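Per-chain numbering from 1; labels A, B, C and D assigned in written order.
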């Protein structure tokens, strides 16, 4: 398994509120790290019995090799699964890894990040490689052997090289591509 | 095991809102029936993994021989476990027996019915006999063999006799209330 | 539920070897007691995962109110489930209640007691009342609520009355048989 | 994780009887493949409830990427866990991968392969890489995330290069390095 241009780039998280972290978490800042996102709803039975315990096992087993995030992707019972309720849920179930509340662009309906990742429901597990590409996007029950195998492969991959700043003796040194302003001028 | 005056009379339920029932449930009206009350909080992990599934198994096994009620005894995270959240919880976990929200006489703190029954926490299971006395009041995990045995004994007990008709030396002996004809003459 | 003449009398056990008991166990000597027989084969997965653990839970929950017996009813793989193998099995699985090896009247085939009770396979649970009648004869997974309820009812039944002593007008009244002293004089 | 000379070479299996395979299995012939050996005793409860089901999950999840073998390492109750009993056990528990009976060099005691691998008991899981080195040798419960991660790494390692037989037109063809006698002479 290796990074391939056909693996989609992980879209940014759109989070309205974070728990269990002092600062908001950004996937861009996690570039270079392996990231596991557990998308869940606090009143989804399969998330409570399977998805969230598995995410906790990933924390316990892989430690700092994997950054585990929870994403509260409320697409039903919006009034029931508010941030206030979620906070109590995280306390009672002793969930300590960072949890983001997926933002909505309109009341009700599917939250923004959930749409961007085209998740099919909850629980869903998304694994992102060091280069920021989605390498697994699974819905429902995914067994631990498969999750463990996939994470090991992502952990063992080399981090992406920083973009080369190819200096042309005649033209000079361009800024890296992703910071080039719209109207670039070589200098 | 038999009904004894040392078994406490089950105090009345103080419920602010009912789910899964058209009319409020009253223990007085259930006199003559065996009643199981599962006291829970929707965000209590032991209630979700053990207490409520056991209550459902009692419904499935004993059918109409036992009246199973849930009592949402919120004594913490009050803003998180509102009736709105509870309703979604009941829907997602497919709980179909009547559920009452234990009322509070002041914001926060222990709800009224929970105090009356001196419950030690959630989940708690209360079994009430046909005479309206509490025969089991257990906190935490109570195994199915014990619950099944206790319920069988309560089911097999004869319903309490109607109260003896009090004969007044001056007035004579009235018929028992529930057999008084429409046009009663005795007083 | 009460003892009825339509409940079959429990046939005697035909056991070739006993474990976990100094003396052979006889149902006749257990008359007056509630008896649970767990029929199993040591290489039957459902017996190992469900039947035998349930029998142990009955021991733990009901103590001296129920006599729990195991019956090793080998009807297949006869050379694999010998008494020598069974003894090691009982040791490794820490089974401490009496276990009888169901006898065969011919090599292979269904053992004698299993045939007498018309068991459908393993695991099977047989519950016998104080009067020596079979009150439950179930094959496969029987839930703990049902087993607990049934046992409570059998425990609560009165032991059968001793047979009335037939007084002969000419001879007088003999003592009941089982209290007759060695040198009896009445007749 | 990479192959290292400090990982011990997997000693050969000493098997007295094979099940579920037409021909005896030799680790030498499996060189180049990832091998998982589940060491168990058929009457060991932890093997039945955890070790063997995990081995089956490895078969189901990794398919032809991992060769799963069972090794019946009887070190107690020798008369109870004979090949005849084992065969029935494998049938009843529907275990289909190859199973070898670890051989004894004397009656009773620890079997030969178990000693060679210095296993601490049953269940034990041994993972061997493509170069024939032991990369994991664990006793008891090893979680699926860890097993999945380790197997993925072993699967992804390149197979060892075949020994170069670099024939020099002028010098001739040397023996492969590991078979060169102490005093080698080119021919």
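FYI, contacts are C-beta pairs under 8 Å (C-beta built on N, C-alpha and C of every residue); 3 or more make two chains touch, one makes a residue touch a chain.
Please read these numbers as outputs of a predicted model, since none were measured by experiment.
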Response to the item:
Distance between the CA centroids of subunit A and subunit D (whole Å) is 38
Worksheet entry | Interchain centroid distance [CA atoms averaged], subunit A/subunit B, Å | 46
Worksheet, complete the sentence: Whole-angstrom distance, CA centroid of subunit A to CA centroid of subunit C, is 60
Item to complete: Mark out which residues of subunit B touch at least two other chains, giving numbers and ranges.
Response: none
Discussion item. Which label fits the chain touch graph of this model best, line, ring, star, complete or other?
Written reply: ring
Worksheet entry | Interchain pairs in contact, sorted by label | A-B, A-D, B-C, C-D
Discussion item. Applying the document's contact rule, which stretches of subunit B touch subunit C when the two form their complex?
Written reply: 1, 57-58, 61-62, 143-153, 155-156
Worksheet, complete the sentence: Within their complex, subunit B touches subunit A through residues 43-45, 48-49, 76-77, 79-82, 84-89, 91-93
